Every structure is written in C-alpha cells, then in structure tokens.
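Below, chain A partners chain B and then partners chain C, in two separate complexes.
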Partner chain A sequence: MTASMRKRIGRRGLVARNWRTLAGAVLVGAVVLGALVGPALLPHDPLKTDFLATLAAPDGRFWLGTDELGRDLLARVATGARVSLLVGSLSVGLALLLGTTIGLLAGYGGPIGDTLLMRAMDVLFAFPSILLALAITAVLGPSLGNVIVAIAVVYTPVFARLARAQVLVVRELAYVEAARAMGFRHGQILFGTILPNVAGPLIVQGSLLFASAIITETYLSFLGLGVQPPQPSWGSMLRDAIGFMEIAPWMAWYPGIAIFVAVLGFNLLGDGLLDRFDPRRA
Partner chain B sequence: MLKLIVGRIAALIPILLGISLVAFFLVRLVPGDPVIAIAGVEADAATIAALRAKYGLDLPLPAQFAIWFGQVIQGDLGRSIQTGRPVAAMLGTAFGPTLLLAGAALIVSLLIAIPAGIASATRPNTGIDFGVSLGALAGLSLPSFWIGILLILTFSIRLPILPSSGFVAPSVDVAKALLHLVLPAITLGTALAAATMRMTRATVIEVLRQDYIRTARAKGLSRAVVVWKHALANASMPIVTLIGIQMGQMLSGVVVTETIFSWPGIGKLTVDAIFARDYPLVQGAVLCMAVLFVTINLVTDLLYSVLDPRVRLGQ
Partner chain C sequence: MITRRTLLSTAAAAPAAGLVPNMLSRAHAQAQTPRRGGTLNVGVVSDPVTLDPAFMASFFEVYVFGTLHDTLLRITPDLQIEPGLATMTAVSPTVMRFDLRPNLKFHDDTPLDAAAVKWNFDRIMNPATASLRRADLGPLTSVEVTGPLQVTMTLSTPFAPFPHVMGARAGAMVSPTAAQRLGADFGTQTVGCGPFRLVRWTKNSELVLERFPGYWRPNQPLLDSIVYRPIPDETVRLTNLRSGALQLIDLVPPQAVAGLRGAANISLRERPSIGWNAMSLNVTRAPFADVKVRQALMYAVDRDAINRVVYFQTGTPAFGPIPPAFGWAHDAAFKPFSYDPARAQALLREAGVSTPVPFSITVTNSPLQIRLAQLIQAQANQAGFRAEIRQIDATSLITVLRGKDFDIAWSPWSGRSDPDGNTFNMFTAGGPTNFTGYASEKTTELLREARVSSDQTRRAQLYREVQQQLAADAPLLFFQFDSIIQASSSRLRWTQYPDGGFALGDAWLES
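Now for the complex of A and B:
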C-alpha cells in the first residue's frame, strides 16, 4: 500500500468516524430536546385517558396514535425519554462514583484491602447483568428508584476494575511520588492528584454504559419490574403493546424506535469518545 | 496445562463462595418476614414459630448460611413455595429448552456475523464496510425484546407462518420444534451477531496486514483461500473468546427472549418465580445461572489456553 493510499484511507476513516460521532450527537440531542421540551409543548397529557379515542391509529390529532386507554403515544414517548435519561444518568453516575471510589482505594491501599474489594467486585461480575438487576429489583420492589440502584450495582464493578487498573499505573509516576515527598496526605494524593489523571477513561466508559443502562431499564420495565403505571417508560409501553399487536401495531413501533434512536445515539457518541481517548483505536 | 486448570479452578472457589453469599442474602433482604410470606398473614403465633424452626430461621445468620450452603453442595436447593417441587428438579427441567435456544441462537449469530465481518474486513472503507459497521452498531442498539416483537408482528400476525410462542420438544415432533425455535433463535441470535461481526472485522483486518498473508498472496493463492483459510484461522482466537463471553452474556438475553416467546427455560422460570415471590426458586435460579456463567467463562479461558500455546506457556 502506497503512502498516498494509506493517507487517503486514513482520512476517509477519520471522516467516517467523525460522521458517526456527529450522527450520535444529533440523535442524543434530539432525544434530550424531546425529553426536555416535548412534554411541555405537546398538546396532550401523557397520563390523560380518553375512552372515545382508544387504540386510535396515527392521524392529525394523535400523531403517533393512542394506546388502549386513549393516551397520546407521542406525549408518552416524550415523557418516556425523561425516564430513560434520568435512569441512565443517575445509575451510571452512581456506579461511576461508587466504582471509582472502590477502584481508587483498592489500587492505592494495601494488598489486603485490594484483595477484599476486588474479590467482592469479581463476585458481582460473576452474575449475568440483567439477572443481577432483575434479582435486585425483585428484592427491593419495582420502582424507578430501585431500578436506578439495581443498574448502579451492576455497573459498579466495571468502573472499579478500570479505576484500579489506572491507579496501578499512575501511582508509580513521578508526580505522585512528588506529591508524596511534599507531604500530601493520602486523601489529597488519591482524590487531588491521582483521580484527575485517571478520570478520562472512566468518563468514556460511562458514556458507553449509558446506552446499556437505557436498555437495561427498558428490559426491567418491559418485564414489569421498573417504572410502574401510569407513569410511562419505553419498556412498559412495549409491554402494554404486546396485547394489542394485531389491532394496534403502532403501539409497538414508536417506543421501540425511541429506544433504538437513543441507544444508537449514545453508542455512536461513546464510540467517538473512545476513538478520541484510546490511542490504540486512533 | 493441568497446573493451569487447577489454578483457574482454585481461583474460582472464593468467587463461588461469594456467589452463594449473595444468593443467600438476596432472599434475606426481602422486606417482610419470609415465614409470613409462606404461612400467610393470618397464621397464628404457634404456626409461625413452628415454621421458623422448620426452616431454621430462628438460628443466627451464619448458622443459617452454613446449613443452607451444606444443602446446596449436596444439590438440595430447597422446594418451590408455589409448586412444592424441588427447585433443583425444576431448574433441571428448564435447562434443556434454554440450552436448545442458546445453541440455535449461537448458530444464527455466527451465520450472520462471520460472512458479514469478513466482507467488511476485506473491503475496508468501502460502502459494504460502512454498511456492515452501521448494521452492527444498529444491532447493538436494538433491544432484543423489540426485535422479538417486530418478528412476531411480521411472521406471526401479518404473514402467519411461524408460531409466536410456545415450545415443542424435538423428541416429540422435530418439524414443530424447529418452527417454534425460529423466531426466538433469530431474536437472541441477532443481538449476539452485532458484537461478533465487529470483532471479526477488526481481527481479520489486523491479520490481513501480516507478512504471511502477503506471502500467501505472493504465492498466487486465491483470495478466498487467503481470507477463509489463512486469515480466518488466525483471527479465530479473539472471535472464539468473544463467543465464549457472549455465551455467558446470552444468559441475560434468554431471560427476556424466553419471556416474550413463553419459552419454558430457566429465564422464564426465573421471571415467573420473581412475580410469584417464590423466593427459594428465585434463589436457586440466580445461583444456578451465576455458576453457569462463571463456568462458561472458565471454559472460555481454558479453551483460549488450549488454542494459543503462548497463553498456555505463559509467554
């Protein structure tokens, strides 16, 4: 392969990657915008039932149709976006906080603490993710808050392992040694010196897990263990749709499309961030 | 090799102990008294005390765990509150359909992923490559239960050619069993295919850059032989590892797929047990699936060592 060919392919690859990141940003922007302003701007209340308009097909009045209780699907999809974004940000944020703290302490502390903390993380890793989330919500009871806790517990080991691995590299570097020599306390070194230098990969991982958190929430709500009625969630809307697939297939289309758009957007964005921060993929 | 296997299995012991602790305490964390859940709210104090003694719930927690763990090691996972049947037997019955579904889904995913991944890798930065990469990303973004719903809408409702739910054992009627298997296997397999496709593309691209591929080309071998024989054989390691990891992750997928298609496997059994608040069954299912997950990961790990002498020899 000649240098010019390589350069051309390299440039085309870069353009393709940037396109993906841009497409991801557009999709995520649309979902965030829909979640923020949609429920306020739309003419229908997502919870208001209209028994004269049950299972109405999409038309000029109900753009995405209505469900079995005559509720406007567009308003419910927009409100569902709020739920998904809320669960995604809070569960990933909580997991990031917990996992990073555990990883920092394991990587920086002594071998006993390291072994205990990381074996505990290994145990959590030993459960299939949906199963663990299911089991936790089953124990805590179905609710939005418990879904957030369950997803956070499932993702905590991911951040803990990553943070620990990063700390093991960084703690031997000269600037950490310098901080130690200057008499900084362990807490200062850990959170003031090490944390800012290991934060990049953790944030990239967080953006990738955001998409998985949205899917997990929809799974749990689909199974009836997440957001409870009448509050809409994309997963619970799909659950409702199953009983009416023959006469009202639109009930199954739009929540699914919304999940797909949101998850694709976050996956594209996460991939773009990974390309930017991971030198092996550049 | 034996040392490696023993070492890996020994490393599993604390994990398995941890898994049993989680499974044990999971049920103990349920709000409310499990005895009242079994006996009902109207049970009198004597009945409750008798039940408490019968289930060993009057003992301190470490003693309860020791008794429970001793029973689990002997294969006794307790009895289902709902049916009264032994949990281990119920899980055993459900294991067959889950294994059938998982195997079929794996075949579907490989049939999609390997040819598409290779097509994409051999034509980097072309329309095909872009399409396959986008398709893989789309596949990763589609929740499997929605794929299942769309498949039911299309093939069971619009064109009623495939059953939308249920299970027929292959030993009863092979043709019917296959018909019932198609939609669940595609649902689960499509979700798996996306990641395998990406891995196939990445590793084949990497291998195609190696010197021995250039040599093979220079020898005048056909493109098909170079790609399918030389490149794919050497790209198989990471793909096999990924498939192993996916087999474990598939356990998450079966929970949802089995629920949509009323497939009587371990996943559906677990979800049904959760809704029935059948805690011994939930506990048994969680324990069983976690042990299965860990075992699959161990086998993948060992398979990796068998396939790659560098791993085996610690190089």
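Now for the complex of A and C:
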C-alpha cells in the first residue's frame, strides 16, 4: 500500500479492515487445518459405529459426543470440513474457469457471439440460485460430484458477467490497442494481455462465492441430495440432528458452529481481498 | 364402541362402588359426560391417494377409512369381529348371510339396502373396474339379494379370513348413486356411510370432514368436524401438537417417546401393531438369488440393535410375519437367527461367492429409514458384504418394488387383522405384493391350507410352519414388530387401533 492510499482510507479504517482480514484468515486456516490433519490425528473413525454408545453426550472419550449411530462427532465434523472445502474449491474453480472463458469471449468477440453467450447466462441467472442447484441435482441424481457440477453451473453466469464487463472496459485501453498493433493474435491478447488485467475482481468474487458454495452444499446435503450416507457432511449432519434436538442437541451444535466459522471466515477474507483489489475501495 | 362401552360401565360402576369423587382421576370424572362439538385437527404423514375404498392401496388411507367409511362387520381394537352395518350368519362354511340394520343411509341420503350392497360387490368383482379389492375377496363367487335388507354370499371354498375382509376395505359400502354420477371423480369426492362425510379436499393442504347426522350408531359422532393436515416431517408434526395447532398426530418419532411419556397436556398412546418391518430381498438376481447369501444376511444383522438404535425400544425384534398382536397365531419362541457375523461369513464361503459381496440397500428419504440403512450397512460390512445405500423418494418406492429394481428394499407391512392378510399376498408365487420374486411350492401350499381351514389351532400350526419355511428360504429380512405410536392433546378421548387407523366416531374433546 502506498502512502497516498493509506492517507485516503485513514488509519482507523485500515486497521479495522486488516483486523477483519486477519480474523478471516485465521478462521479459514483453522477450517483448512482441521480438514487436512483432523481425520488423521483424531482417535475415532468418522464412519465407525458403536451401537452401545449412541447419542453419547460430550465426554473424555468422545470430545464432541456421538450421533444416533454412535459415531464420533468430532471426526465427522472434521471430515465434513473436507467435503465443504472440496465442494467450495472445485465448484467455484469450475465456475471461475467456465464463466471467465465465456465472459472473455463475449466481451472480446463480436456482437452475435456476445448476445448468444450472455442471453444463455441470463437464462441461468433467471432462476434463484438454490432452486437451480436443486433442480440440477434432482435431475443428475444425488452425489457429491453432481453437487459440485450443480453449484458450478449456478455460479458460472456470475463470473461470465463480471469478466465481460471488465473486458469491455479493458479492451479499449491503450495497452490492448498496442498489443493489437504489434500484431498479437486474438488468443494472445485475450489471455496474455486482457486476462491478467481483469483477474483481480474475479478472484475476489471467487472468494466470496466460496462461502455461498459451502452454504449451498449444506442445503443440498440437508435435503439428502448431496453426500450420501454414511459419509458425513455438515448439511447431512444437521439433517440427522433435527430429530434429536431435544435429547441430543450437541448433534446440531457442532456442524452448525463449523458452518458458521467457515462461512464467516471466507466472507471476512473475501471482504479483505475486495479491499485489496477494488480500486474504488482501496 | 369399546371406549364408549368402557366409559359407560365406568360411569355406572363408580357410584355403585361408592367411590368418592376425589378418588376418581380427572379423566374418569370427565369421561362420564362425552361432549358434543368441536373441531379436531389431525396431523398425518401424507394425503391419501384416493378416498374410494375400491382403490385404496396406500397406508395413508387408514386415516380416513374409519371416519368416512363404515363396513359390514367391525374389527375391534382387539381384533375381534363384531356386527357392523350388518350381522353375519354362516349358513354353511361357504355360504354367508348378511342382515343389514334398518334405515341405513349413505351421506347423500341414498338408502343403504341389500341392492346397494350387491351393487358394491358387483362393482368390485367386475374385472373392468380393476378394483384392488377383488383379490381381497378370495373365493367369493356370488352376492345375491335375498331380502330387502338381506344378501347372501357364496364362496367356492371355505375362506377363514372372510369376516376380517368384510370388516376391512372390501366390506366398506359406498353410495351407488354418487359413484355412478361422479365416475372418475369419485376417488376425490367419495360418498360413504361412515360417521363423517366429506366437505372438501385441498390436496397437500387439508382434508375436511363434518359430522354425518344420519349415522346409525347412537350418540355418534360427537365431533363437529375433522381436519386432516398432511405434514411429512415427524418433528414438525410433534411441534404442532405441542403448540396446540393439532390435537392428534400419527407416527410420533420413536426417539421422542420417552420424553412424551410424562408430558403435561399431551397423551402418548402406544399399542403393538399388527404389521411387521422388513426389507425385501430380490431373489431374482445376484447376489440374493442364492439362498446361502440370503441366509448370511439374516445372521449378519443384529435385530436387538435395530430395535434399540433405530426404534428406541418401542417394538420387539421380529423374525417372521406373525406379530405378537395375533395372540393365537404368534409364536413367541420363534427365533431362528441370532446375531452371528462369523456364521454369516461361513455361509458366504459355503456359497462360494467372492467377498465382500456388494449389494445396495434401497430406502426412502426419511430419517428413520436412513438410520436403519446405515445400521444394516455397518453390520453387513462386518460380515462379508459391501453395502451401499440408495435413497429414493417415498412415491418411487412402489415402482422400484414392483419393477424388482433393488437388491434389498424397505417394504414394511402395516398389517391386517387376520394372519392371512400378513402372508398370502406376499409369500405365494405371483402374489400381488410379492415384491421379492419368492416362489416356494411348500409355502404356497401351507398358506392355501391355512386360508381354508376353519380350525384355529390347525391354522396356528400352519402359520408356524410358514414362518419356519420363510426362515429357511429367507426372502425377507424381518427385523421388527413395531408399535403404533400416536399422540393427542390430553383433552381428546379416542380409541386407538392396531393398524394405525383413526375411527373417530366415538372421539370427543373435553371442554
């Protein structure tokens, strides 16, 4: 950050934003760490049932208690983190890849291609995102892979619109004209010159959608359309917990807290990145 | 009538016994004066598919069957047969005479006489109607009007469950004039002769019945109206009962039972059901075409664990289709399988299949069934299988079962009041609810004999042999005899039935 930028934001605002970014990074780091090493370090297998220890309250043996089939909730929450991160990264990554490509082509190509591509994106946009994701998983059938595909399809138009809008601005700039004048091919201009200059906002958008993707996965798993039992996911753990809210409320607490922490973390981090990349706010 | 009779006897006996009022519980004191009026809101799992008894095939129709309809004979909660619309006299083992009560009417004022009864049976028996009741009637060959209020039915062979059939769907009488007038719409605008008549049915929202003033039982019905609300989620049903929005609910989640036993303002009712819980094994394809592999699965599953973990001890482990509610036919000592994973593995070795043996467990998307599937999966995987769970929506289940598109699948039976209804159609070759593809000459022979025998001791013996044969052939994994678990506002007085049905003619709300 330059001195002039610092001056513009003011010291207090910067500190507050850094604090939030840091908090986001810590929360996300905790989730990632839990997902990576948790299942290996923890004493219990997330799928191991113990029919003599069902609905056990948190104690020395099961730190977060057990579920209705006597499975360790801590191990399941940690394994659920893997599912959430996997879905978040793959679906957002896929949407980023598809959406950016479509947006670049639409923004850079002729009006016919632009109209065709963007109207197709508008069709996807017309549906509420959760409804579209539901419809896609319902058609494809319940599985983790299909959830990833569904979320990717839902988020593709977001990236396509954003990328196109950026391209429309950037393609008129002098350095693009210079590249054209130097005889670069379209592909080189598009991916070598334009893409690096529009990537910032796309990455910010990606980090914000990461949190939404996690939420969407929990919705779908909650409805039984996501990860199939006995594999745990936070959403399916919440669904299992509903019937036991009165006699074993801890079944709902921990996946609920995990969702809260992960979503808050990614949102704070995305906000921080927004500050870093958005020329109007930085 | 049981409740009313009990109530009346209590009322009569209390002063005679010299009981002082404060020794009577509040319930008994109140019970002396059944009160007219009020609306009962009932939370049920799902809408019925049809209101026409000729086509009822889903469990969810038991909720309206006893309120909208009435039957020639009545099955009491203790599975005894009583006169209903008519009194039955056995002229011979194959000729039954039914004498109707005088002045009976349908909800549309059409007289319920011998001609109307004959019309009902002609409708069911006519192959063009394609009624599901035709199979229920077994060897019935003719129904003749032998008096203004008398019909005589002739069977081709003796048929032991016949009185029970006349107390169930096939014995329900509907209005001939309304059925002819409404045609295909009769299923949603059915006109019967039960204690309540249909007002309106908004699918997936509410089904409203009102008091039928022309009902024949004295002092019935007591309620002004009944509103059924379909609420698939067990937790939501229970919450609505607690909040007072509903006064009666079906299928209380088993894990909530312990907490409700002492609850104020809510009265929990439990009663052993006449049905069974089981998974059907598809015997027409690998891996369960091999009886040794089927046997292995029987030993691989711990039924006590299922009853404890899935059903929270609300039922009893099952090994066959005859539940304890049938006192005379149930065999309490029948326990052909123990939980023995080593034995299961040995059986798989004998079968010569390569382990782990893969198979899928098909269940519908309900928490209880998913819990059950995961438990069976965990135990089967310990015993040489590799199970995966396939969740489908509840409406697809019947298609999957009929198409034999499964390895093992959730297929419980809500039960009939005679053991024949719990066995014949599922375990005879080609039976209408034989989803497994099981065909055993011996079983079919035993079941045929049990249907025609009039000697209850002999019948009990035959059903024991049927259970043994089923255990040997293992076409189904029986695991639990469940309980009917329902709950109501403690203000509601009502009679519970072992098939889970509601017949609320005698029900009333305390003020």
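Couple of notes before you dig in:
The criterion applied here is as follows: the second predicted complex is superposed on the first by the 272 of 282 C-alpha atoms of A that agree within 3 Å, B and C clash if a C-alpha of one lies under 4 Å from a C-alpha of the other, contacts with A are read in each partner's own complex, and residues count from 1 in each chain.
Keep this in mind: contacts are C-beta pairs under 8 Å (C-beta built on N, C-alpha and C of every residue); 3 or more make two chains touch, one makes a residue touch a chain.
It should be emphasised that the depicted structure is a prediction, and the values quoted were computed from it without experimental measurement.
Once the two complexes are overlaid on the shared chain, A:L131 sits against chain B while remaining clear of chain C. In the superposition on chain A, A:V77 makes contact with neither chain B nor chain C. Looking at the shared chain after the overlay, A:E68 reaches chain C, while chain B stays out of its contact range. After overlaying the two complexes on the shared chain, residue contacts for A:G224 are found with chain B and with chain C alike. In the superposition on chain A, contact of A:D271 is made with chain B only, not with chain C. In the superposition on chain A, contact is made by A:V139 with chain B only, not with chain C. By the touch criterion defined above, A:M245 lies against chain B and chain C together after alignment on the C-alpha atoms of chain A. Once the two complexes are laid over each other on the shared chain, residue contacts for A:L105 go to neither chain B nor chain C.
Counting the residues of chain A that each partner touches, chain B and chain C differ, and the larger count belongs to B.
Comparing the two interfaces of chain A, the one with chain B and the one with chain C have residues 224, 242, 245-246 in common. Interface residues of chain C facing chain A in the complex, by the touch rule stated above, are 234-235, 253, 255-256, 258-259, 302, 305, 308-309, 365, 367, 370-371, 373-375, 377-378, 388-389, 391.
Within the complex, the chain A residues that touch chain C are 47, 49, 51, 54, 68-70, 142, 224, 228-230, 239-240, 242-247. Contact residues of chain A toward chain B in the complex are 9, 12-13, 16, 20, 119-120, 122-124, 126-131, 134-136, 138-141, 211, 215, 218-219, 222-225, 238, 241-242, 245-246, 249, 252, 256, 259-260, 263-264, 267-268, 271.
Looking at the complex, you find that chain B touches chain A at residues 14-15, 18-19, 21-22, 26-27, 29-31, 124-125, 130, 133, 137-138, 140-143, 145-146, 149-150, 152-153, 157, 248-249, 251-253, 255-256, 259-260, 270-271, 274-275, 282, 286, 289-290, 293-294.
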